[in-house]
Amino acid sequence: MPNIDRRDFIKLVGAGSVGVGAGFMLRETIKHPTEQLIPHVIAPEDFSTGIATWYNTVCSMCAAGCGISVRTREGRAKKIEGNPSHPVSQGRLCALGQAGLQVLYNPDRLTGPLMQTGQRGSGSFAQVTWQEGLDKVADRLELLTAENQGNRIGLLSQGVRGHLAQLFELFADQLGSERLLHYDFDHPHTLYAANHRFFGEARLPYYDLKNTRYLLSFGADYLGNWISPVHHSLGFGHSRQGRSDVRGRFVQIEPRMSMSGAAADEWISAKPGTEGILALGLAHRIVSEGHYSGVDRDDWTTALSGYTTDQVAEQTGVGADTIRRIADTFVHTEPSLAIGGGSAANHSNGVDTLVAVNALNYLVANIGKPGGLVFNPEPAGPASQDRQASYRTMLELAEDAKQGNIEILILNGTNPVFSLPSAGFEEALAEIPLIVSLSSFMDETTALADIILPSHTYLESWGDDFPEPGVGFSIGSVSQPVVSPLYNTRATGDIVLQLAKQAGLSDAIPWSSMKDFIKDGWRLIYDRGGLDTQKESFESFWRSILKAGVWGEKTHRDPAFTLDKRVINSIAVPPPEFSGSSDAYPFILHPYVSTTLHDGHAANLPWMQELPDPMTSVVYGSWVEINPATAGQMNLKEGDLVDIESPHGQIRAPVYVYPAIMPGVIAMPIGQGHVTYGRYANRGVNPIEILSPRVDQRTGALASSATRVKIKATGRRIELVKTGGNSRELGREIVQTTGGKASQGHSAKLNSIPITVVPT
Amino acid sequence: MSILDRIADGWRKYRKPGYYDEFDYHWGMTVDLDRCTGCEACVTACQSENNLPIVGEKAFAEGREVKWIRIERYWEGEFPDVKLRFIPMLCQHCDSAPCETVCPVSATYHNQDGLNTQVYNRCIGTRSCAVYCPYEVRYFNFYDHHWDSPLDQQLNPDVTVREKGVMEKCTFCIQRIRQAKDVAKDDGRRRVRDGEVQPACVQTCPTQALVFGDRKDPESQVSKLMNNPRTYRVLDELNTDSSVVYLKKVEDDHA
Amino acid sequence: MPEAKELQYADIHRDVVRSIVETGPKYYITLGTAIFVTLLCFFFPWFYQLYYGIGAAGLNHPQVWGTYLASFIFWIGLSHSGTLLSCVLHLTNSSWRKAMYRSAEAMTLFSLVVAFTFVMVHLGRPWFIHWSLPYPNQMEMWPNFRSPLLFDVMAITTYLTGSAIFIYMGSIPDFAAVRDRTIGWRNTMYTLLSLGWRGTDREWHRLHWAYTFLAVLIIPLAVSVHSIVSWDFALSIVPALHQTIFAPYFVVGAIYSGTAGIVTVMFILRKYMDFGQYITKVHFDNLGKLLLVLSLIWTYINMVELFTGWYSGASTEHEALQYKLFGYYAPLYWEMILFCAVAPLLCISKRFRTSFVPMLILSIAVNIGMYTERFLIVGTSLSRQYLPDAWGLYVPSLVELSIILGSFALFSTFFLIFVKIFPSVSMYEVKETMSTPKTEPEAPPEGNPA
Amino acid sequence: MNVSIVPALKALIPAALVVAVVLLGLVVGFWANAAFYPGTSPEQPIAFSHKIHAGENEIPCMYCHTQARRSISAGVPSVSKCMGCHNEVATQRPQIRKLKNYWENKEPIPWIKVHDLPDFVHFTHKRHIAAGIECQTCHGPVETMDQIRLTDAAPMEMGLCLNCHKQKEVANGLDCWTCHK
């Protein structure tokens, strides 16, 4: 040991301290962070820590009205699944329905009442209290009602059903306003009108896909977003492989292959707008071949005389052989079913097309039969489809506003600024002195409102629903809050009730909360009797509905139906009309409601933005689909930015070369192109902007597929964000099929390659 | 027995007939391609059940998305005679899985229930399992993912939120299997009943194309479907002996 | 024989000790730059990546392996030159080896260290790397002995240990020589390093025996190391990687790039450390021949790889080849062929082999080509696997490129420090090749062979 | 000429000494932190004593931790549960007044977690209680503790789980996915 002098000692002491310090800090850094354990002040009754609670309620993400079960843990919603006892969803649910959680937990939700402080559209809002906001609106309402000027109040809602719709009716009625409208971009007006024309009732029948053996779909993307996709999918699956003896066959007729087209056994592209003509061509074949033997056979022969197979083949571009084959299969396969909608119904001849489709069902006599078309009974609760505003009605509303006939406009969840083409709706809104929005989100229309009274999401509020179409019998379901409200928002119904109260309408609208209103409404259903309701009290009836989430009345309609001769005589499908000349605008624009984002209201849900489009696998963006041959001629490749110009505007989007679209047609998904709808939604372009204001002549519904466009390459390109790599199989037999090449020489048995197992 | 024999035996044991007899389950899934419509309800169900991240457009463009189940799409033919076929692709839980051999720390291995496990907290991020997997269903966490508040309130407490540098993949919803076993034990049953447990994707599939169950139970729906003449396995030539069995799409030429 | 006829034992000592003791500003500037570049281009991006996640690299799904692994193979390959070559030449008694083997072995050592850092950079959670080592723990978890990655860990640590002992053992007499010519802290250091070497016959005898023994041991080890590295790939079922040729392919590639690396390093030593008298045309000539042979073998194996891919008839293999040859990275592939298969044919000419600058250029080109080869192995095959829908494209990010650049700086840093500590030319072995001195050297004959 | 390494080693002694002292310091510092600031027995907002409740008064664990037998988490009693007794019992003690303050302000008590498992561990109280495992097996002798703390016998580490699973021959008890999620 050497002598340690003073300097060495100091060195050693220094070294020692450094070591101690470092050692101390080392353990400090690897220490487990302290967490807190926060107990309840009072233990809640409805949940236990660590145990999931399920609530049955109703999905509001589209108009199908699926029953859902929401899993909650510690008071937070975790997962949405289909309610197994609900006849529409039967325990299943689509992607959009499950993304409902992100409506609830959306970071861009409005957290409390707002008042516009700057110029409209400037986006400057100030927070106000509920009382301030409600007072301001209620005072105006009261004033107008007192002056008998109630009709100067406009109520514009998204499509709502059940007692909320009834509440709006009551409210409008008491205010003295006739301007109560529901507006949804994808509401099937033409289908209601066609059914009214053919069957005499403006209601949707139940399409029994489950039991059908042969389905002809004219443009209806029944698996994507037509009417009730989850229920249709259930039917599709069962029809395909759910029965031991038969397998349903599906034929899809549309200019651009949709999801349903891909699932179909046969995809046929008829010229856009001629689907109805094709339907009549099929009808002609059925009648002329003597497969139809009804009493009105001669009327049909006369009515269909102009639709011989060859004529129709020429008009539609579908081969005469195909027409014959399909017609024969359709009539010989029992039961068979024809449905129509989507793009086929969005032409100037929309109603006529769908009437022609109904005629096919009539001619094979599948009405009221399993696997055919079944009439629905009267809904048990309030219905509202007659309030649905067509495009023409909306134009009238806009015109009224411009005339200064509207003093107050109350908006509920609908977004016409985004989804109403060429209507000058923004200018019309500018003429309305007070705009009130009850939306939960800052959508494009809400951004123009003066006062925003944000609603609860559907997972926080009371409501009920009577699905339209029903499932062949009458059902209703109650929607209940599954979590306590996240923010300082109120249920739409409660806002309306409060407004009514403050506007002095409490005599006619005495309820204090939406829950009471709904409960009173259901008391009527209870009183109507039926089933075993007499045995139990209303309270237990109510509780059992809340528990099950659904109530049903197994009463079926009498399928008897006689067709008016005048309908047969007037049956005809005029050729479709398009905006823009075919010389200047060589392409027909086929805008379709996006499977993931719907008509755009789901664009603020990150799960839906990140869900690859089923057909193209594109995420987060807009694109325009072009036939490969056309793209080749125009020297366009995937990702090339093109300008799409119609007589009404111009947008820019990247090209996606789509193998299953007709030459001469280009397709674009609707849903993107938001500007104020939050961090996830503000991207892409909105093809609604360039649609022409052409309507279906009979209903005034927007003929959204009737716009011609031209495309111009910009010379710039972007990388399309998508998940798919190479979309061809290269003979690798990844998706194997029973038909064709792959089935030969390849055993369908498991373990076709023997595995040697060494015995030990 | 030499060490080499032992290693080889460890490699082979899952494939021996009767290996699973001494255990309670041998989970498997069938996918009926004739029912699948490519609607992707399963994709969202999985995302919501298993805390899959919202990666954002940039990460998506870079190819860093995480989808434990995805739909692959293959075009066949040219217009107008063109078809699009979908196939759901998820971890096949192979009984002789290539990924299991390569993990140096045994973060992925085969367990007694026939599941291909992925133990996140053991993973050191060599990513070799993803290279070895021919189905490319293993996803890597290239970042620490972030949920904009209050989206994080949706996260499933039964599933870990994976940190950066960790591989993840389909677990056949192990948390649900665990839960079902728990319920079975409460009821004094030895085994879970058929249909009592369904992964999120199977649960939600609107066309019921996906079926999940115990392959050991000859009465289970999945066992019955596996005897269907339409069955095949994707990339069967690689002898991965997967637990996910596909049923061929029925295609006939305009019959 | 070296060209300088008058070279004396004393000159050797003088030159070598000078290279250690006399340090000019040039050296410090170079070392400073190397350290600076290492910090800036290697450690800074790496720490950023640790913080941000592997997303800092250009990796994606399905391309989860990238340049980090390519660099890992590259550095492992480079390491092969040294110790392996040195051993082989030692056993075959090639006298021309003696001037260059010290620096070659140092290359081995440092390449392995750099390769190891790439493993760390590659890992998603490098802070848990100790889990790949077998040690008892309360989790009762052991590494997976079936994993080729674990074989790798074992092989590389063994090789690293072997190489380190080999280079150290061979340097002991030289440390002693330097010890006797230095004072102060260097003297202390070399005293310790030389382990009391006196130069007795017994010591020499044992050294030779142990040295040869190690040389014999290391050759199979070196071959196995790169075979095992190749198994990381060949044991996968990725098309274009799942090939039996991979082990020899990697070994040959490794020796090839290593040999080229030695040429580069020797040029630099010769030029900047004034070792012109020791590293001569003879060395370049011989290395040139070696390069030529290796390039031919390498070309052959490449052709075999293409052939088996084509002959398999499988769509997967064809597509993988197609992508490699004509896909996004096709220019790189053809560059590799040019640099590694065509350019080395120049070595047929003796004039070429004995010209220093052209050989330097060739050696650098070969290593660029070989890096490309590694990149193509990792960077293209994973993008074209079994399911076409999951195909992707991988483009390295700036972080990756910077780390690659930084790794060369890291290597240079190690090397620059090495040349100031180790006698970078083996003095006693060079002396063995010389004739007996005419005059008595001033220093004691500690390195005089019996 | 001296060729022995011994003098050279001697010259290194001071440096070696410094290194040794630094290393020793590291150990001491690490130990000091572990010994004096273990973090395994944090001061709680209310000095609740398990010794008094569970030990002296022999209140069963699951009287307060009611969830344990039916849920994955044992749960901490709500403030109202505490007040259920302490409306009557020992109302004047300073700690109980604190409790009363919380109750009157309708605030939860921010307890600090001591027995904590990482988020990637699935541990269910229910199953372990159903299997007849004593609470003390994992939580230590809490009935003797005035301030709750981790003990060496029950350190909340994986080894403890594994030993027990092995001893009791739990079915698939050593499978990673039994506990890791």
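Per-chain numbering from 1; labels A, B, C and D assigned in written order.
As a working rule, contacts are C-beta pairs under 8 Å (C-beta built on N, C-alpha and C of every residue); 3 or more make two chains touch, one makes a residue touch a chain.
Treat the numbers as computed from the prediction; the structure is a model and nothing was measured.
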item	value
Between B-C and C-D, the pair with more C-beta contacts	B-C
Chain centre separation (chain C, chain D; CA means) in Å	51
Cα-centroid distance, chain B relative to chain C, in whole angstrom	42
Distance from chain B to chain A - Cα centre to Cα centre, in angstrom	30
Chain centre separation (chain A, chain C; CA means) in Å	63
Per-residue overlap in chain B, given as positions that touch at least 2 other chains	65, 72-74, 109, 122, 235
Multi-chain contact sites of chain A, meaning residues that touch two or more partners	724, 727-729, 734
Contact graph of the chains (line, ring, star, complete, other)	complete
In the complex, chain A residues that touch chain B	73-74, 76-82, 91-96, 98-99, 101-102, 104-107, 223-224, 229-230, 233-234, 236-238, 240-242, 247, 257, 259-263, 265-267, 269, 325, 486, 595-596, 606-612, 614-615, 617, 619-621, 627-629, 659-663, 679, 683, 719, 721, 723-724, 727-729, 734-740, 743, 746, 748-753, 755, 757-758, 760
For the chain C and chain D complex, residues of the former touching the latter	138-140, 176, 179-180, 187-189, 191-192, 194-198, 444
Residues of chain C defined as touching chain A within the complex	315-316, 319, 386-392
Touch list for chain D against partner chain A, complex	13-14, 17-19, 21-34, 37, 39, 42, 67, 70-73, 75-81, 102-103, 106-113, 116
Chain B residues within the chain C interface of the complex	7, 10-11, 59, 62-65, 72-74, 89, 98, 101-106, 109, 122-128, 130-132, 134-136, 139-144, 163-167, 235, 238
